[in-house]
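Two complexes are shown next, each including subunit A; its partner changes from subunit B in the first to subunit C in the second.
Here is the complex of A and B:
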């Protein structure tokens, strides 16, 4: 249900239609090839709807109008103030068109009127275009955003890149640990298991801030490296508030999600298999490669998928340790959700995220087979 | 080379094995196995038989002593260079490979050509009558079929020696018996040396040329199945192999190969074959097989006793009679069903046995 609601919201544009239903009806009759500006009727209905409309409803609509073209908000605000004054005095304008242009010159600017075309329909793809740095020009063609407003495409690629790296590092680091867990005598493996699970029981925020302490320029790691003489005092490494920090912290935080499925798969591989392979003449490395590793594929794929899916939507950690550079798409979703309240864009970003995951899931199913997954 | 060393193919020489440096799991093991022989290590669990097998395969190293294969010491040779085939307890078939790939694995690591590999794999599969199952995965086979694949895989690379670690333990009774014969026939046909580990005595008796009975890390007796059954050298072997009636007593006198034994609680005096006893006055345990006791006659007058029938069990080909004799109410006699048995529970009955059939062995504490 929430997912369905989110998907609907990403294309929903009905709210503004409840505020200006008559204006939009008249607007649709406007023939742009014949007249430069909309006909008088459009101005009249707009005037009336602004005069009678509820303030809160109009306010919401304004936010939406500004997505299509900035300037709408202040234009409408000013205009409706004037209209309210006029209706109080009981003035009924002779020509609505001229009155409005008198109130604000922008009403004579056709580009404002052109951008209204995006709002007329009850559904709109604008949020999706925005989510990949596209917008409409005045002729309703899809174009790239201004150079300085292009942020999402590169964030998408960065998110994918970071997720792939994090998955890879988790696999490389998690495999030996899982192997130890599965093969050590019980009392050692129990202890090791606690070390693996301990971070699970610690708050995510605590772990993330701990990484800041560790990685920052005056932090533990830099301090030790300088103390050992490996780094000079002014050559301290910048390891946090950038992509490196995001990578390190996310790898550590997501590592258990790789280790546990791997462990559960390794646990049930009989030890006799390695022995049998050696008995049949394979050197230990060969036995590992041909006999052991293929049997851990279900665990690797389960862990890999889990870590990847979690990483691609991660936002607290990148937000805190990522700085400007290490921000992922999740951070932007949270930003629009809480700060700009542009829920349509949030929903569109989320929907794209969902689609990307489904594509990966499909790819994975094609390559490895979903039956090959094993979580425990 | 003298004929003695030529005959010996595998030689365990004074092998000790300890896992923790304190308890010896295998103590002073000396064992010679000839080429082409089928030798079984038989014993209860924890007796050291599997450890011995693992040392031969190379997965455990002896604490002391040396193992020779074909005259060469092998303790320093890693398992993958020993050229010893092995059938594991749970088969250890690789689940991600088909039957063919499983069988081809030892050949591929030896870098055999594709054609050679293919013909050898097919030959091995035909040998275990699974010629059409090559493309299946192990999980798609029944237990018996998996067992045969494991056997074929252990033989396909023509090892010098095959080890089997309780290979039939996971099969049901009928299949187990059938596989026993099958393994025996394959052994007869290709003449390979087999070292077999089991805790099932009937399996050992059926298949082996010789059996080494293990207990407590020590080989109790190494003999052919018939000698093991008929002439056990100590109480453990007598007890472990087949059924036997036990009585304890003290040695009263010794004459040549025989001794007279005073049974406990003054239940009588028995003349028995002197096998493994101390001197006069020492404790001993007597052992007689249930089928060597005759009921209702006095024989030649030696070892004649009277017992009370406690229980009769009809088993078709024979009748199992539980008697109270000489203060032992667990005394079992097997009477062949010849149609002339007409005793009832509670009857008193005369019974006797030949002094050659009752063996005076070491006392059990």
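Here is the complex of A and C:
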């Protein structure tokens, strides 16, 4: 239900329509090929609606208008101030068009009027286009954003890249550990399992803080390296507040999610299979590659997808450890939700992420089945 | 799985490398958690090992409880430092965390247990779909759930209230209860229910006297998962809670972003201790449950 509401938000554009309903109605009658500027009627309704409209509602609409073309906000603010003065004095302009253009020259600029076309409909895909760095030009064609405003495509790719790396590292680190845990006698493996479960149970923020302590310039790892003489005192590595830090911390945090499914799969592979393969003349490496590894594929895919899916939506750790350029897509969603209040864009980013997730979720269900999720 | 005595030197090398590698990974998993414990007892207002702490013989001057005092809101002169603010925020956060966590756990456990009971009936229609929907908050990234909930709760005026935060946490925690209780119910003999009913027990009495005692380990470990989920939750709290609903994670988040102070590490140490406690409880419960169901450890 909340997610459905979010999906609606991502295309919702009705607020502005409640503020300027008549202006938009008149606007739709404007034939661009014949007239350069909209007809007098559009100016008149806009003038009246600015004069009578509620201030808060107009303010919200302005924020929305600024997403389409920057400059709208200041233009309308200036104009409505003038309009308020005029209505106080009781002046009724003869020609609304000329009065408005007199107040501010921008009213004679057709590009402002062109951008209004994006707002006329109650639903709009604009936020989705924005979420992948596209915008509309004056003829409603989809074009790339300005060079300096292109951030999202890059962020999407970075999110994917980080998730793939984290999944890969988790697999490389998790596989031998799961194998060891599955093959040791239960007494020892239960003891070692604590090493896996303790991070799993510990608060995410605690682990993130711990990594900041470990990785910072005066931190534990740098300290040890300097003490061992590997690094000079002023050659300390910058490991935190960049992508390296994000990768290290996320790998550690998500590693239990890889080890646990792998462990539960490896646990049921009979040990006799490897011995049988070697009896039949296979070298250990060959036996491992041809006999053991194929049997662990369900575990690897389960763990891999779980880690990947968790990593792609990760937000806390990259935000804290990642620094300025470590921001992933989750950070932008939070940023638009909390700071810029551009909820439409936020919802659109969320919806795209959700769609990506659902694809992987579906795959996960196909390969392993939802019911097979195991905890602890 | 020790190496056989006839192993070749190459095999031995591989084997020891493999053990070494696993050791490194285990170290990688727990080292950060252990490293923060000594630093939380430091005198220094920075989160580092000071020279005094590493000195041998140990220098008592370098160690102190001042950040722990700061954490519990004791702002006496020896505690206050120019860079670290002192307030009772941590204690307020702790109280709020426990309050929200416990209420959310109670609701989530009741709902989750009922859902699991219903879902494990053999003739439940749309089982797969219901299960998928129930589990979805676990799989969908938190940030999406949080954004969706924020929009939805904003419409019905639940944002910035305890009710809103608790309800959101219930939605997050219920799947854990459903999963653990369903797992316990796999070994449950449904004939017991029939037996109880044939002896005259009504459904409610059957549940409390027959079903519940048997699946209690599952319910409790589900409740612990639910509690830790709510207790540990930061994303939703960040969006949906105002200063009145300050919780430990929210305060830690603010602490890491603004004032890097060792007080965070004190709280972190306490939380590690709490998670060790919960981990032990769950492990003991799992063993008990296996014993009850007659599964012998191999």
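We take it that the second predicted complex is superposed on the first by the 354 of 376 C-alpha atoms of A that agree within 3 Å, B and C clash if a C-alpha of one lies under 4 Å from a C-alpha of the other, contacts with A are read in each partner's own complex, and residues count from 1 in each chain.
In the analysis below, contacts are C-beta pairs under 8 Å (C-beta built on N, C-alpha and C of every residue); 3 or more make two chains touch, one makes a residue touch a chain.
Small disclaimer: the values here were computed from a predicted structure and weren't measured.
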| item | value |
| --- | --- |
| Three-chain arrangement built on subunit A, subunit B and subunit C clash or fit | fit |
| Per-residue touch tally on subunit A - higher for subunit B or for subunit C | C |
| Which of subunit B and subunit C A:40 touches, first, second, both or neither | neither |
| Touching partner for A:102 - first (subunit B), second (subunit C), both, neither | neither |
| Computed vertex angle (subunit A) for partners subunit B and subunit C, CA, steps of 10° | 50 |
| Which of subunit B and subunit C A:283 touches, first, second, both or neither | first |
| Which superposed partner A:354 touches (first subunit B, second subunit C, both, neither) | second |
| Where subunit B and subunit C come nearest after superposition, their Cα distance in Å | 5 |
| Residues of subunit A at both interfaces, subunit B in one complex, subunit C in the other | 284 |
| Contact footprint of subunit B on subunit A as seen in their complex | 270, 272-273, 275-284, 286-287, 290-291, 294-295, 297 |
| Complex interface listing, subunit A residues touching subunit C | 1-6, 9, 173-174, 176-177, 180, 183-184, 186, 192, 194-199, 201-214, 216, 218-220, 223, 252, 255-256, 271, 284, 309-310, 312-316, 320, 330, 333-334, 337-338, 343, 346-347, 350, 353-354, 357, 361, 364-365, 370-371, 373, 375-376 |
| Partner subunit A, residues of subunit C touching it in the complex | 1, 11, 14, 18-19, 21-22, 25-26, 28-33, 35-36, 39, 46-49, 128, 131-132, 135, 138-145, 147-153, 155, 176, 179-180, 182, 221, 225, 228, 231-232, 234-235, 238-239, 249, 252-253, 256-257, 260, 264-265, 268, 271-272, 275-276, 278-279, 282, 286, 297-298 |
| Of all residues in subunit B, those that touch subunit A in their complex | 57-59, 78-86, 88-90, 92, 94-96, 105-106, 109-110, 153, 157 |
